[in-house]
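Just so it is clear, A, B, C and D label the chains in written order, and each chain counts residues from 1 on its own.
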């Protein structure tokens, strides 16, 4: 068993960050979204009817992206940029006698890597949303972009921040943005409930993160990345101190919450109640990868316990499989994509766990693009078909004029998601699986095979969507809602993408699906292109044998520490296990990966394009057999995780709360407090007859009182005399 | 000095003016009175010399009151009390403006008593003499009781009487302890003196067994006011029945008197007792957090929910205070101010919708984002501040309290050993999750969701002053300063943290050695702490 | 201290004075008992006069014991007060009697809570 | 003396009194009376026994005990008799026997004023009022008194309270005095006070001095600043100016020249308690006013009439007047 434990002493030092206040212009990347948020809030307050909020947002985010690009080209080495003092004070001069969490930025390659796709995708999706949300102009439009700006600000703070408290600020901030945007359509109880669920489940993870932060402070006396890494570089923390070893597990909990891993994954599918651009940006591309960022950023600290990374790997692998199985049985397109997101995040955690931060981060990048693309296409469909997302009620959209771009970009997304050979995701997923399969640890190799199996499932359910929705004979039913579709916009769209007359007859209410216009189509195309482009590092590595850009980016940061060493270590032991299925590891994996991907697609093709009936027949056949029927049932019901949580946690707590509430009112207040208060009344009642109003009663009391006093006095005096 | 007395006495002058003047101008007189008070205090704070150095109480001399009992009219501030007094003075005018439409009958009496209330709260924070503090502390009860009993809801009498008797009972313990320490001082020196510093010096010299009881008695007194777990039941009722402004002052200023009392009296005066009982109080605080949070979860009355959330929040505040290290103490003091702002604002928000719908039942009213978007925005903001979202004020205090608790066990390094530790923080941290849960449920019912309104229009018509559907300018003007304060303190806590730090250190000056003594004792006899706990619970 | 107190207890050293004191106590107690038992308001006042008598007798006895006339002076004051009290009390009784047409003290129990 | 015995005596007296109060029928009356008298007698016996009495004081003691019995018995009748008029008359008996005891205690002036003021003035007032408020004989019916005069109110409780008081007080007092029985009257002090009083009465002093020596023209202060120097044989030396002598010389006054009781009381009233005397006068005056105001015929006057009497105009609007009432 390879403990990263032992590797600790061999750590090469993380490059020490220099303090560079002159780089404070990068802070504009933080400030601009915040200013835009203020502007959007003003738009909201002034009830602006137009698209001013969208324009402000797009401009701000684009500028922010520009700044990051400039910072990328200006980058020379890790820097720390102080901005202003935030949460800091001191009570002594010692190391542990001050608490410092200033507003500042820590810029290294990992930061830039993350910020590039966060701001870039943010800009693109804002453009998309400016058209997508136009039905809400004057109602919630500005509020929507306010949420987006808050999200971008928080995400930037999360990534750029130079200490863990800044990260925590961003961490909770993105949670807030997610809450506000999921519940954007606040009149729908489901949306509100989903937002609430997301926030609360994230909070559970946040608690872990907060405790982890405390533990780090308690043991290192600082929360600044640079100082933490410096402390790590010094090494020496090799003693098995439970406090140190618990740090990675606490941080991990935060990451699991934010990135929707077992056991905190159930909020993400529900989060699809939000508008689709939100799902694309927050719940697919950026926010959910914050967990990956956290683990990558704090990677050295995950080696404080030998099993920490293994736990990450196992959780990731199992989540990938579980989510994929659920995704196979869902009919709602966005939910399928949501589960696929969870599943892909599982891959990333698997990659982190088995020691390839590069693979995980690269997969994050590719995933951001193709998953955003997929969600946006789903959004376009939802937008056009009045909220219809049931893949059984949509078919053959590629035949519909005006929907070709959507169909084909969706195909790109699906190919990428199913890791079709030589797509970007193929390279990134390979990087993860290769690491797993060539690991010295048997359980990691098992996880690798599990990941491969999951890849086949992924290919299947991805193309199940595409073959159902875009291929096959043309057929569709509109959805129930048209809530953000004022009627006049319909006619406007008709000129753009005119539906065939035959379609009108097919749809029940003479429904005209309105095809997306330039903003949506343009963004889809750019994203598809982006999905191609992010494959370039992979091509370079595989074919041109050049340096992988992504790997360089990751290697320059704290994330590489463990990964690099583990890789060395892996190379050393891969002498013993050089092969996958008897072939060279790379080749073998390519073969197996291709098989899985293409096999999955073929199965999907058979069941969902060639003979769609057979899918139902298969399901019926499974349901008939008692020994296997639990599989489809559980898959369709999401393995009853929500129900189990409800029964195990929510319900007992709720009952307990009811009991406490009742007890508080009737026991603690009623019996204890009021009872105590009634005691004097009860005593008083004994003497009440004396005070019935008759004069003698009062006189008798007086006489009795005097008698008592005299008795007491004489007793005291007698004692004094004797 | 003059400024302090101005801020204390001017409201009383204004109260007389309200009493004499015509009914129509009562509210404006009251507003002006509180504004002058706030202005004087702000001016004082502006020139306050001790913001950044540890100089002890720059202005503490005062004329003698009862010379042979050693009682003086000495007032003065350290940064903590100044912050809390500023908070109270800041909320006063807002509350008065907030009552313009809510109070339509017996307005003169209302504003008069409200001014007296403000004055006595500031007096309690400003007092440098223990008896003067007691007078301010206790006198708050009179106007508050009247405000609840006259202007409150349907069960106002019961609520007012319960509040009065309960808190009065608690403060009797406090007074007795103060007198006892004064007596000890007289035994030692030969003359009475109730100067707080003198008392502190005297009390710290008492044997630890005596300090144990001194601390316990103080705790009983202040725990009622805070309120700490088993002694909290007066609060939800009082909040539920009080008029909006009364709730605001009750939650924001009066409850702070309890925590402030711990900061100023219980902890520094009886460090040995504090060290002995810190885990006990911490356990109570944690129970308060979890218990109140769970109860919040099933509340349908918006005001009661906020009231119980106060119990939970102040439990966290107490936990931070009893972590007995600078991080926790800073957090606790910061939290006192923040809780005042955010909870006060929440009460104001709820009052505003109550004025329109005449119900606080979240099962009856809901989905108001559609009807009252401006109100909804404020409500969401303050709720988030209350949840402790980073970037807003609630976070700083909450995080530091929890952090202080967490690192309490870490001996030596911080210079402040303690007996709490990660496990305390873990359990208390559950409160953070619960806080998000119940407050978001409140938001989900009240702000989001489909619009639900009670159908009886009678409620609307009977209201003396017709209010617009969404907030009017006056109401926005009330909430905006609070919102600005919430955001500002969340973004720029540094000046305040720096100001609190020396005070926190001074409060904890005796603790490192006392806690070490306690730890060495309990290390010798493992059951000591448990015995201590059972003794204490019996004592209560 | 002890000595001082004990000198205060020489009261009973002279038998006639002791008897006078015993009578004064008995008169006082009988007056008290009468006040508590009788229902007629006038008789109740008469009983208070009885108690005055007891007190006055004690005064006289002590004056004799201490050979100090102050005790007798006090008795004169007691007489004054008794006279004033009798005037007022009887006026009140007349007033009350006019209202309710009875001398029973129980006709006037408005002071009670119930 | 053993306190328990005293308590027993008290208990017996209490039982007798209670029985008398309960009015449970005339057949018990005699027994109850005997029981009560026996209890009281026992108390007195205990008291007398406690103190060794010199034979010179036996006479006054006997008279005292006789008066005591009269006094206590009539007091008991005051509180037990059914007819208020008889109660008042019994009270006269209490006062008279009390006055006798006063005389025995050498308080002659007070004794006579007691008889005059109490038995004469106050009791007559009581009788007047009793007559005034007395029901007509027809109302009384067959029974000889109305209910509230016949039936005592919770006699047992009252008697217990009263006699616990006396038992505790007497028990403690008399049990202590047993050890101090040898104490004597402080004659010296009384003499000194008497001479002191005389020194404050210059005219009387001069008169007494002339009675001793007719040549005295004036009494002057002695060299030590005092007027009188009391000797151990109770005589007093004063400094006097004699006719025809330039320098003052001493004069010895015999104890028989001490001022008598009545003048001492008067002296004490005007020298030691002048303010109290004035206050007593004011109290009496006020009591008179009060009695006049209270006993006046009360008539209910309507608000408007009252305003009219006060010289104010009528309130026009009924609504307003009701508001005015609320304000008041």
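Please note the rule applied: contacts are C-beta pairs under 8 Å (C-beta built on N, C-alpha and C of every residue); 3 or more make two chains touch, one makes a residue touch a chain.
Worth saying up front: this structure is predicted, and the values here are computed from it rather than measured.
Compare each chain's C-alpha centroid with the centroid of every protein C-alpha atom shown, and the nearest one belongs to B. Chain centres here are Cα averages; for chain B and chain D they lie 63 Å apart. Taking the mean of the C-alpha atoms as each chain's centre, chain A and chain C sit 92 Å apart.
Per-chain Cα centroids separate chain A from chain D by 98 Å.
The mean-CA centres of chain B and chain C are about 57 angstrom from one another, to the nearest whole unit. In chain B, no position touches at least two other chains. Multi-chain contact residues of chain D, defined as those touching 2 or more other chains: 153-154, 157-158, 161-162, 165, 169, 173, 176.
Those residues of chain A in touch with two or more other chains are numbered 694, 696, 700, 703, 717, 721.
A list of each chain pair in contact follows: A-B, A-C, A-D, C-D.
For chain D in complex with chain A, the residues that touch the partner chain are 153-154, 157-158, 161-162, 164-165, 168-169, 171-173, 175-176. Within the complex formed with chain C, the residues of chain D that make contact are 13, 17, 21, 40, 43-44, 47-48, 50-51, 53, 57, 60-61, 64-65, 67-68, 71-72, 75-76, 78-79, 84, 87-88, 91, 94-95, 98, 101-102, 104-107, 109-110, 113-114, 117-118, 121-122, 125-126, 129-130, 132-133, 147-149, 151-155, 157-159, 161-163, 165-166, 169-170, 173-174, 176-177, 180-187, 189-191, 193-194, 197, 261, 264-265, 267-269, 272-273, 276, 280, 283-284, 286-288, 290-292, 294-295, 298. Residues of chain A that touch chain B in their complex: 44-45, 85-92, 94-97, 99, 165, 168-169, 171-173, 176, 179, 183, 186-189, 192-193, 195-196, 199-200, 203-204, 206-207, 210-211, 213-215, 217-218, 221, 243, 653-654, 656-658, 660-661, 664, 668-669, 672-673, 677. Note for the complex: chain C touches chain D at residues 6, 9-23, 25-27, 29-34, 36-40, 42-43, 45-47, 49-50, 53, 56-57, 60-61, 63-73, 75-77, 79-88, 90-95, 97-98, 102-106. Note for the complex: chain C touches chain A at residues 2, 5-6, 32, 35-37, 44, 105-106, 108-114.
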